[in-house]
Amino acid sequence: MSHHIVEFKDVSFCYPDGTEALKGINFRITHGESVGVVGANGAGKSTLLQHMNGYLMPTSGTVTIGDLSLTKRTRREIRKKVGIVFQNPDDQLFMPTVFDDVAFGPLNLGMDEASVRERVCEALNRVNSLALQDKPPHHLSCGQKSAVAIASVMAMEPDILAMDEPAANLDPKSRRSLIVLLKTFRHSKIIASHDLDLILDVCERCIVIGDGVVVADGPSAEILSNRTLLEENSLELPLSLQRR
Amino acid sequence: MSHHIVEFKDVSFCYPDGTEALKGINFRITHGESVGVVGANGAGKSTLLQHMNGYLMPTSGTVTIGDLSLTKRTRREIRKKVGIVFQNPDDQLFMPTVFDDVAFGPLNLGMDEASVRERVCEALNRVNSLALQDKPPHHLSCGQKSAVAIASVMAMEPDILAMDEPAANLDPKSRRSLIVLLKTFRHSKIIASHDLDLILDVCERCIVIGDGVVVADGPSAEILSNRTLLEENSLELPLSLQRR
Amino acid sequence: MHMADALLSPAVGTTLWAGSVAVGGYASKKLKERIDDRTIPLMGVLGAFIFASQMINFTIPGTGSSGHLGGGMILAILLGSHAAFLVMASVLTVQALFFADGGLLALGCNIWNLSVYPCYLIYPFIYKPWVGDNKSPVRILVASIVSVILALQLGAFSVVMETLLSGKSELPFGAFVLLMQPIHLSIGIVEGFITAGVINYVQGARPEILESMAASRPMGTEVSLKKIMVTFVVLAVITGGALSWFASTHPDGLEWSIEKITGKGELPKQEHGIAPVLKTIQEKTAFLPGYNFKPAGNDAKKEEADPAWPGIDAGTSLAGIIGAAIVLGMIMLIGMGIRSFRRRDT
Amino acid sequence: MTFDEQYFDIGRLDRLSYRETCVHRLDPRAKVIAVMLFLLTVISFPKYEIVALAPFFLFPVLLLTVGEIPVRFIIKKIIVVSPFAIFIGIFNPLLDARTFAVIPGFVVSAGWVSFFSILLKFTLTISAALLLIATTSFPGVCHALRRLGFPALFVSQLLFLYRYLFVLMEEAMRIIRARDMRSFGSRGTGRKVFVRIIGILFLRTVDRAERIYYAMLSRGFQGDIPSLKRSRMALTDLAFLSMMIAYLSIFRFFPVTEGIGRVAQELLG
């Protein structure tokens, strides 16, 4: 199933104001892999994720998703395959009610009403938020918003899932169910997070980004127990590995 | 020193749309205590914190800060005593440069120029951000913004410090320095967070909120190791207490 | 459409600057008397909102082009005249500085064209009396569209007048108006729809916000006739003063404009396409200040004989060109010198 | 030009203004006054003037080089905003075809001369405005305006606008991203969704203003935005201003360029 492959080849990205956020990133993710992306504040994680469906286009180098290499022309096709959950849930919820919001994507895909309804309920159910469906998003608490944002992306059934700091505002139980949810998601996934314990739980592979380059890439268990490597990158051992 | 006391007596709060977010909250915090507030998403933590300086006014019940009970009239006095750091540092840094921002409070207190300068430098120094003083806030990273927001509250020398989810987007190293910073703050402090490890590190006392009421209140070490209590409230053991 | 520095004469530029500064001072004074201090951050953040909303564009059905929110009118509806004027002036200032939209001298014109009309004419005299406390979406829609169109038409017309009175452009009044007004009509319709859409949306989703904004704005709930009269008199005095000033310096230009406005000088009949039209207009008219010679088409000899021709003879011009080349060359050298010196320094 | 680029451009301009060169260190008031005088002088030349404008390129070139501002960036910005002036100016050659014989044996029409003059003035005025902001931080300009007598309320607005410009633009950009991700082409980008998004952005803006207001209150805000006294006019600033005035008046009132040309002409024979 070549179409679930993600490949970055020498990807560099420079913000128009001159900040070099990525400086030659190389990696390849094959079908079904789950990969954690970790690094200091400002290392380039969010920038990297935004390349995955063409919000940002590499200044140099190529991004390949499945059989398509990312260009302005293939962007639309690629967006159907890659679902991204961004850092701030407020920015993702722009429809007047939770239900409408989750339905927005499926409706734009041209699905009929009955199946949209079904999809929406299923997606909300998965994040334990079915009861919120008629609320307007601005009346939700932070964590509730995050959960709904995840549902709205899940409802599109993407082939590849990318998440930026998905657990930041979730309570420990919701975080735990997110972990379970992510584990049951069978396709490729990429998760950028400071929550190293979550990465350790969900991802078998981990990429450390430092100042726009890949500093380390390997099995999570190995990388996330390498104290010197982590400390060089403003990280520390996952809390569950820190003995009190 | 009665003026550092915080007391909530039967405090209830109902949002204009009818959501009962607080349903009779009772607790009392004495001088120098540091208290963690934990609970599920939507339990009412942020709502509770917003009562501490009159951003919200209780629908019923009384909030007492020091010798003053919170009313529209005493609000201004109380705001001088309680410094709140909300979740989003962007909303707190409203002046065009870091220096101006930190100086805003002291200037409003009517201090003369030299002592304002001194206060600002001292506050910025405490959060290791003195070098940022001439920068505009929009050129700072997430973590830097949080640090400056804390400094701008600290420069007011509040008697009581309240923080909502202070570590949400910080990388582990910045989180660690925040913990150190909080430990050095001598006055009373109240911290709402899902990061139970942080609470365990910083607060000797912990209040569990569930659905608008106080479910438990006691020493952090005790409460945060009580697995059943935590699990009933959508929480779980701090990660550092979970053995892998 | 933003007026540009390069098209302005100092007289027009400074007059409109003075006018805008006067209105700004008046607005600040009025606002200061009754302001609820929570409007201060609200005004600032709403200015930023105007910018942010301009980044979001949508496809206008059928045309493939995209539209966005302009600002003046929606601010006036939300904040009332005085606050809206100040916010709009700040927005235009940031545009002039960061986007170089217009320029700093033209800023006076732009504030006048894009803020004074919606905030001090259209809103109090058209939108407000029309909509009042009536919340019906249809009425809001119609009133918004009409108001935005009127405001933009006035603005566009002012751009025309300012350009003509400055005398840097050869464009004749009629053709210029025919170029500017229709463009702004279509922009106005789109913007009117958006303005109404946003007001209606907010009305539906969070009516309490509109109410609290209305409650905290000075010129919102009770409009006193006296105040409007004062505003109007201020406007009239400024425009009147400016116009009579021009009348004294450039009698022909103004006469000509007024003749055109009152419709005596009609557009000539079209022969083929726009070029002949422009040419006939040009032949029939001599209207611009400092342009008091009779244009003579391609007839070069007549031109040289014309005593009003700016006193330039071919000899000085050649010297001028050589001089300009030398001066520019020297400036380039200075620039490069400084650059390399700096580079060596660091 | 897409709006994203516009946003980044102002980000870049803003960053340039925080550099440390001697131009950046001049008092903002001196720079504001100097630039305004410069603009007025340039604009005051008559319609057919070209030659006498040449010396006025010295000022922007000095700001550019001493202030270490990238030339290309400024040129690009000038081109981006040029359409309106070009659109209006291009009619001059069409309408004013009288001969303006400049060089013997070579015929130029008056319309082209006045058009070229507009372009020169445009380049000079726009670059001066851009360079002012590139060499003076925006807060600096605001404080200058305040001390030049602009109303405090207006200046506070301007500062708030500047502060939240970046925050809200980023917010808007993220919302567009979210919309585009789930829109699949033109579906979902129509007017209805657009108005709703603007509406949401508006509501959030109002909520944010409320939070900011409370943040201000909790730091003792009582209706006035206090500010510390900034730098005062130093000797260098006064020297800069007087040099500026001398420069502007010499080249405005004396045909220096032409004189140089004449001397050169004579020397060459």
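Per-chain numbering from 1; labels A, B, C and D assigned in written order.
The criterion applied here is as follows: contacts are C-beta pairs under 8 Å (C-beta built on N, C-alpha and C of every residue); 3 or more make two chains touch, one makes a residue touch a chain.
Predicted model only: the values in this text are computed from it and were never measured.
Inter-chain contacts peak for the pair C-D, counting C-beta pairs in contact. Superposing the C-alpha atoms of chain A onto chain B requires a rotation of 175 degrees, rounded to the nearest 5.
Here the spacing of chain A and chain C, counted between their Cα centres, is 46 Å. Note: centroid distance chain A to chain D, computed from Cα atoms, is 40 Å. Distance from the chain A centre to the chain B centre is 29 Å, each centre being the mean of its Cα atoms. Inter-chain centre distance (chain B to chain D, centres taken as mean C-alpha positions): 42 Å.
For chain C, the set of residues touching two or more other chains reads 41, 205.
The multi-chain contact residues of chain D, meaning those touching 2 or more other chains, are 9, 14-15, 138, 159-160, 162-164, 167, 171, 175, 193, 196-197, 203, 208, 212, 216, 221-222, 225. Among the residues of chain B, those touching two or more other chains are numbered 94. The part of chain D that touches chain B in the complex is made up of residues 14-15, 18, 137-139, 142, 159-160, 162-164, 166-167, 208, 211-212, 214-222, 225-229. Across the complex, chain D meets chain A through its residues 5, 8-9, 11-12, 15, 171, 174-175, 177-185, 187-188, 193, 196-197, 200, 203-204, 207. Contact residues on chain B toward chain D in their complex (touch as defined above): 53, 55, 76, 79-80, 82-84, 86, 88, 90-97, 100, 103-105, 107-109, 113, 116-117, 134-139, 152-153, 156. Taken in their complex, chain C has these residues touching chain D: 1-2, 4-10, 13-14, 24-25, 28-29, 31-32, 35, 37-38, 40-49, 51-61, 69, 86-87, 89-91, 93-94, 96-101, 103-105, 163, 167-172, 175, 193-194, 197-198, 201-202, 205-206, 209, 213, 275, 278-279, 282, 290-291, 295-300, 303-304, 310, 312, 314, 316-324, 326-328, 331-332, 334-335, 338-339, 342. For chain D in complex with chain C, the touching residues are 3-4, 6-7, 9-10, 13-14, 35-36, 39-40, 43-44, 46-48, 50-52, 54-55, 57-58, 61-62, 64-66, 68, 77-78, 80-81, 84-85, 88-89, 91-92, 94-104, 107, 111, 114, 117-119, 121-122, 125-126, 128-130, 132-133, 138, 141, 150-154, 156-165, 167-169, 171-173, 175-176, 186, 189-191, 193-199, 201-203, 205-206, 208-210, 212-213, 216, 221-223, 225, 255-262, 264-265.
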